[in-house]
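Both of the next two complexes hold subunit A, though its partner changes from subunit B to subunit C.
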Partner chain A sequence: MSAPIIWILIPFVIGILIFFLADEYAPFIGGGLSMALALIALLIPIDTALLLGSLSIKISTSIEVLGRSFILSTADGMLLVMIYGVASLWFFGAYAANNAKRFCSLGLMIVALLTASIAVEPFLYAALLLEMAAMLVIPLLIPIYQKPGRGVIRFLIYQTLAMPFILFSGWMLTGVETSAGDLGATTQVGAMLGLGFAFLLGVFPLYNWIPMLMEEASPYVTGFLLWALPTFTVIFALGFLDRYTWITTSPQLSSAIQFAGVLMTATAGLFAAMQKHIGRMAGYAAIAETGLIVLAMGLRSTEVVNLTFLLLIPRGLELAVWALSLAIIKRKVYSLRLSEVRGLARKYPIAVFALLSAHLSMTGFPLLAGFPPRMGLWQELAGQSLSLSFWAFLGILGLLVASIRAMAVFVMAEEGTAWSINESWMHILMLGIGVAGLFLVGIFPQVLQFFLASLPALFEHLGR
Partner chain B sequence: MLILISSSILFVAALALMILRMMQFAPRTVWLVAVSGAMLALGSVFLWLGRQPLVLALPAWQPHTLFINPILFRADGLSTPFALSLAALTLAVLLTAAVRSKFTNSYTWAGMLALGGLGILAVTADNPLTLLLIWGALDITELITQLRSVSGPENNEKVVIAFSTRALGIGLLLWANIISIANQSVFNFENIAPASGLYLVVAAGLRLGVLPLHLPYSAESTLRRGFGTSFRLVSAASSLVLLAHIPPESLYSSVTPAMIILSVIAALYGGWMWLRAPDELNGRPYWVIGLAALSVISALEGNSIGAVAWGCALILVGGALFLSTVQNIWLNRALLAGAWSLSSLPFSLTAGAWLGGFKFFTPFVIVAQALLIAGFIRHALRPAGRDSLDDQQVWIRTMYLSGIILLIAFQIVLGWVGWDGARSIGAWLQAIFVALLTAGLVWATPRLRILTPVRAHWVRSTTSGLNGIYRSLWAFYSFLENITRAIISTLEGESGIMWTLLFLVLFISLLTQGR
Partner chain C sequence: MNMIAWIIVGLMLVTSTVILINYDWRVSLGALGAQYLGVFFLSTQHLPFIMGAVKLIAGWMVVAVLGMTRLGLSGADNKSEETFLPRGQWFRVILVGVIALMAAGSTTRIEETIPGLGLQVVAGGLFLIGSGILQLGVTSDVLRITLGLLTMLAGFEIIYAAVESSVLVTGLLAVVNLGLGLTGSYLLISGAFTSEEYEEA
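After this line comes the complex of A and B, so read on.
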């Protein structure tokens, strides 16, 4: 059997089948399948014969579909572990979200399509697959009978606008490669490519759909979207940087990437500090985190790959815990405005603690998962530019202010309100695992080294 | 390894207490285990003395290229007195718990032991990364414990604001790290960039409530004598230790005199309020501010031994006083040894506190120190509001007395042996002025109306937002909020996409112009 069939086709087909199952089984099938796929990727190396007694198992690397190849090599193994491992958390967590069946079904299909985006050759076709995945997100965000809100429409517009820019720049890049000294063409391609990724990753001010979505759609689904799309877009972008090394060696383009990242982090942090809606705060925090990843990608350093994945892996955990807590809280309150969630810490202490842990983790609070990647980022960034470090630091400070505001409102219960646990045992279990993971990664980030050590092999030039 | 053993003993004892509590063992058995654990830990810290410096390096974070500094602990002439003080405080808190009405709360004892363990790790942290992690652990523990112990929206809000000032202190330490890296320095205490030094002082000052002057926590918490004392003093020690590690050469700046002035104001205010506090527990925040400010002044003078001396005095002298709940005339007199420890007289605990020489702020420091000592004497001799020890069982009486005497004995012992500042003559002339002024204040306190205890004070808890600094900060925040709201509503409104595209065009034209 070939790797693309296992990690792309099977989850896609099972995603379709889940749609016909009962609601209560979907999270376990979706989560179980993802977990199994992560374990297979962990235990069975791709393209290596494995002898089990007299039985020889070998997962081949590629298949061809309509003249296009889908290739998952040995180096992709750890990436698949990471992707399906985090995806399983989301699917198990769907138990707490509304309409788990639709979430798991479409979610699995989206993850499969996104996995295809990192496997497809020629790699420019990834833009098409990303667009298909973005389209599949729409029925996840809004029920069929409901009119789409402004956030959903903007999301679709921006994701769709990204595709022509990236495809066009890919076509132009072949020309630039043959005439490497043409500065004009290089700048044009850089601008075109930058625009494509600006739309995909939601660079300032193209991210305004994110807080809007957090307000109008299910926070759990939006959280999943904020994990899945940027993660694969970042991998896609790293592929670009790896193939066209002149992008990172060009000081102008490298600075532009750094500037875009800092702008995202600083503005999102500042906006988060001024919010009165905890869902929107989460949205801005996700944007700020994406900004840090963009900043890491723009560094002129051999640590680009390590740092990017060091930021990317905890992000999945943080967003999962945050979105699940928001989903639990949203079931109990009319809206996620600060005025509505006042004093909720005494009624839902586990959900609130988990939410605040995820939020503090994104601010880089010591002991939590977000702390080590930020320390690594400062180590590289401060040596290159103190002013960029200052603005990124300011953005993170904004996130901290937001977390303190949320915390203050959550704990301001009326006199005499007793502490009580109203979350279900399943919620407690899932949030407990998530929060434990945040602390584990925060105290022992070397556990991620298992994944990080092999990830640079995905790229030929980056990080060398 | 000994560092790990000492802190592990406390953590294991805490865990054992939890298990014993779950298995419903008798409170006396549980207490005995707690005291045994604390005794063992104190004994193990004593073992450090003959083997200094001790270094404990935990497995380094990976990838090594990104995480240059390992998690490192070090016991030396500066951190050992802190560790000894904290281990003694933990044991004393448990010993004196025997007389308290809430004797059976073994979860609280487990908390005290764990806190002692964290405190020892904090004071031995040998680089900012390690200190950041321990600060994080202390802050989260304090946040959860305080939130569980207070009631009502205002008190809960105060706890969160206290947490926020500590988190800002963490932020400043991180910023100092960034500055240090930008100056091509490795961020450890030995090779710190000169530009980072002042940020470290402000980080510690912010967490202690000295720079800027504020009350970092509320006095209304129900955690009062035992756990409350432990919390306040361990937390203060974890910040004070940073001051001891700042290299003097990194403090030569034009801003330093201004920071000294702010610290002197904090010391005077802390001393004044401490002297006039109605009782020692209500005055505790001012005690911490006053002594922490003296420690900050020592650090700003480049005197790390002085910073440690004030820190140890804060823990040992304050600990003995705050744990005294029982009226006993001999014990009250013994507590007065604290006045000696605070006096800076030769061979006292704080003898090395001042480098000597007359500086522009010296008279103010003398006044602040005298106010603190006079307040201490007043609170130590105050008979009202304390229970009697006479109706207690003999073993309880013995345990209680030994707890208080342990802290008093440590004040005297640390003046003589065990660290870099022991057996020091110090600035004896300055100490004599302090002693004379203290005597005058003690005499005048019952006679002058202005020195009589009051509750009202002009620096309120940080929540009030009523004083100028906080009011202007809030105004600035509201101003930013209005601007942000305008930008967000423009970008998210009907014409948002047009504005967004316009911004993009601007961005691209800027980029292409710069080619």
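After this line comes the complex of A and C, so read on.
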């Protein structure tokens, strides 16, 4: 059997089948399948024959569809472990969120399409698969009985606008390669490519749909979207940087990438500090973190790949814990405005603790998962530009202020309110695993080395 | 052949203007259907007939999906819900004129930069991209936003067909068009029912 069938076709088909199952089985099938796919990627290397007694197993690398190839090579193995491992957390967590069947069904199909985006050759066609995944997110965000808000419409528009820019700039890039030194053409391509990724990643000011979505859609689904799409977009962007090395060697383009990242982090951090809605705070925190990832990608360093993945891996965990906590709290209070969640620490102590842990982790608080990658990033960034470091630090400070405000409101209970645990055992289990993961990665960051050691092999030139 | 291609560009100018200024969804969808004929003709300047036909059929399927969905919804056109000012039709006609002038101005320069695309292909593609984006900027109605996205994508497809003739890309673009149509239909339907009505159905 070939790798694209195992990690793309099978989850996609099972995603469709889950839609016909009962609500209570969906998280276990979705989560179990994702876990199994992560384990297969971990235990069985792609394109290597394994002998089990008289049985020989070999997963081939590619399949051909309409004259083009979908290839998942040996180097993609660890990436697949990471993707399906984090996806399984989201699907198991769906048990605690509303409408698990729809989430697991569409979620699996989205992850399968996004995996196809890293497998397709030429890799430029990934833009089309990212657009398809974005369209599948829409029914997940808006239930059929809910009127679509501005956030979801903007999300659809921005993702659709990104695709032509990226496809066309990809075609233009081949021309630029053959006429190296043509400054006009380079500028045009850079602008088109930049616009495409600005729409995809939500670079300032194109991220306005994210806080809107956090208000109008389920926080759990929006959290999943904020994990899945940027993760694969970043891998796609790294593919561009690897294929067209002149982008990173050009000081202007490299500075533009860094500037975009810092602008995202600084503005999102400052906006987060001013929010009166904990969902919107989470949205801005996700934007700020995407900004840090963009900043890491723009570094003129051999550590680009390591730093980017060091930021990406804990992000999945942080967002999962944060979104699940928000979903649990939203069941109780309906609106996530600060005035509505006042004093909830005494009624939902575990959800509130998990939420604050995820929030503090995103601010880079010591002992939490977000701390080691930020340390690495500061170290590299401070060596290159102190002014960029200052603005990025300002954004992180904004997130910290937001977390302190949220904490103050959560503990502001009326006098005499008794402490009680209202989360279900499943909520406690899922949140417990998530928070334990945040501390584990924060205290022992070397556990990530297992992934990071092999991920640079995905790229030929980047980080070498 | 050149003259026919220019007539097709003119047809697309008319159809996209109709989509932009007309509030009757039946007329707008009819114009979109006619627009896909133009897309078919211009993309077959560089693509084989069959691949152009895929674009035409996918486009018409999108029109059918949107039409059937809108037909099933009660209520008048959303003219009153438009929040963008000014709303006048003449204002939009002037905007279309600006887009047409910009497209005409850019066409020769792009043809010089990328020779072989064909003036009609570039002009038609650029005009559709421009009017699609214009549509996105002047409306908040879901159907009209979907029409804007489809128009923009149609323009892109015309130009991209000249530089990329892969079967997979043509297939994926057709899926993206169908997906946009289905997503637009879903967004049109959503909110039309209460959760109780949905559970009963």
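Here is the rule we go by: the second predicted complex is superposed on the first by the 463 of 464 C-alpha atoms of A that agree within 3 Å, B and C clash if a C-alpha of one lies under 4 Å from a C-alpha of the other, contacts with A are read in each partner's own complex, and residues count from 1 in each chain.
Definition applied: a contact is a pair of C-beta atoms (placed from the backbone, for glycine too) under 8 Å apart; a residue touches a chain by one contact, two chains touch by 3 or more.
Quick caveat, the model's predicted, so the values are computed rather than measured.
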Touched partner set for A:335, first subunit B, second subunit C, both or neither: neither
Partner chain in contact with A:144 - subunit B first, subunit C second, else both or neither: second
Which superposed partner A:245 touches (first subunit B, second subunit C, both, neither): neither
If touched residues of subunit A are counted for subunit B and for subunit C, the larger one: B
Partner chain(s) touched by A:424 [first = subunit B, second = subunit C, both, neither]: neither
Which superposed partner A:365 touches (first subunit B, second subunit C, both, neither): first
First (subunit B), second (subunit C), both or neither touched by A:157: both
Which superposed partner A:198 touches (first subunit B, second subunit C, both, neither): first
First, second, both or neither for A:48, with subunit B first and subunit C second: neither
Doubly contacted residues of subunit A, that is, touched by subunit B and again by subunit C: 150, 157
Complex interface listing, subunit C residues touching subunit A: 129, 133, 136, 140, 142, 145, 149, 152-153, 156, 159-160, 163-164, 166-169, 171-173, 175-176, 179-180, 182-183, 186-187, 189-191, 193-195, 197-198
In the complex, subunit B residues that touch subunit A: 59-63, 65-68, 129, 132-133, 135-137, 140, 147-148, 151-153, 156-157, 159-161, 163-164, 167-168, 170-171, 174-175, 177-179, 181-182, 184, 480-481, 484-485, 487-488, 491-492, 496-497, 499-500, 503-504, 508, 511-512, 514-515
Residues of subunit A that touch subunit B when the two form their complex: 150, 154, 157, 183, 187, 190-191, 194-195, 198, 204-206, 208, 211-212, 252, 256, 270-271, 273-274, 302-303, 306-307, 310, 343, 345, 364-368, 371-372, 375-376, 378-380, 382-383, 386, 389-390, 393, 397, 400, 404, 407-408, 411-417, 419, 443, 445-446, 449, 452
Of all residues in subunit A, those that touch subunit C in their complex: 65-68, 125, 128-129, 131-132, 135-136, 138-139, 142-148, 150, 152-153, 156-157, 160-161, 163-164, 167-168, 171
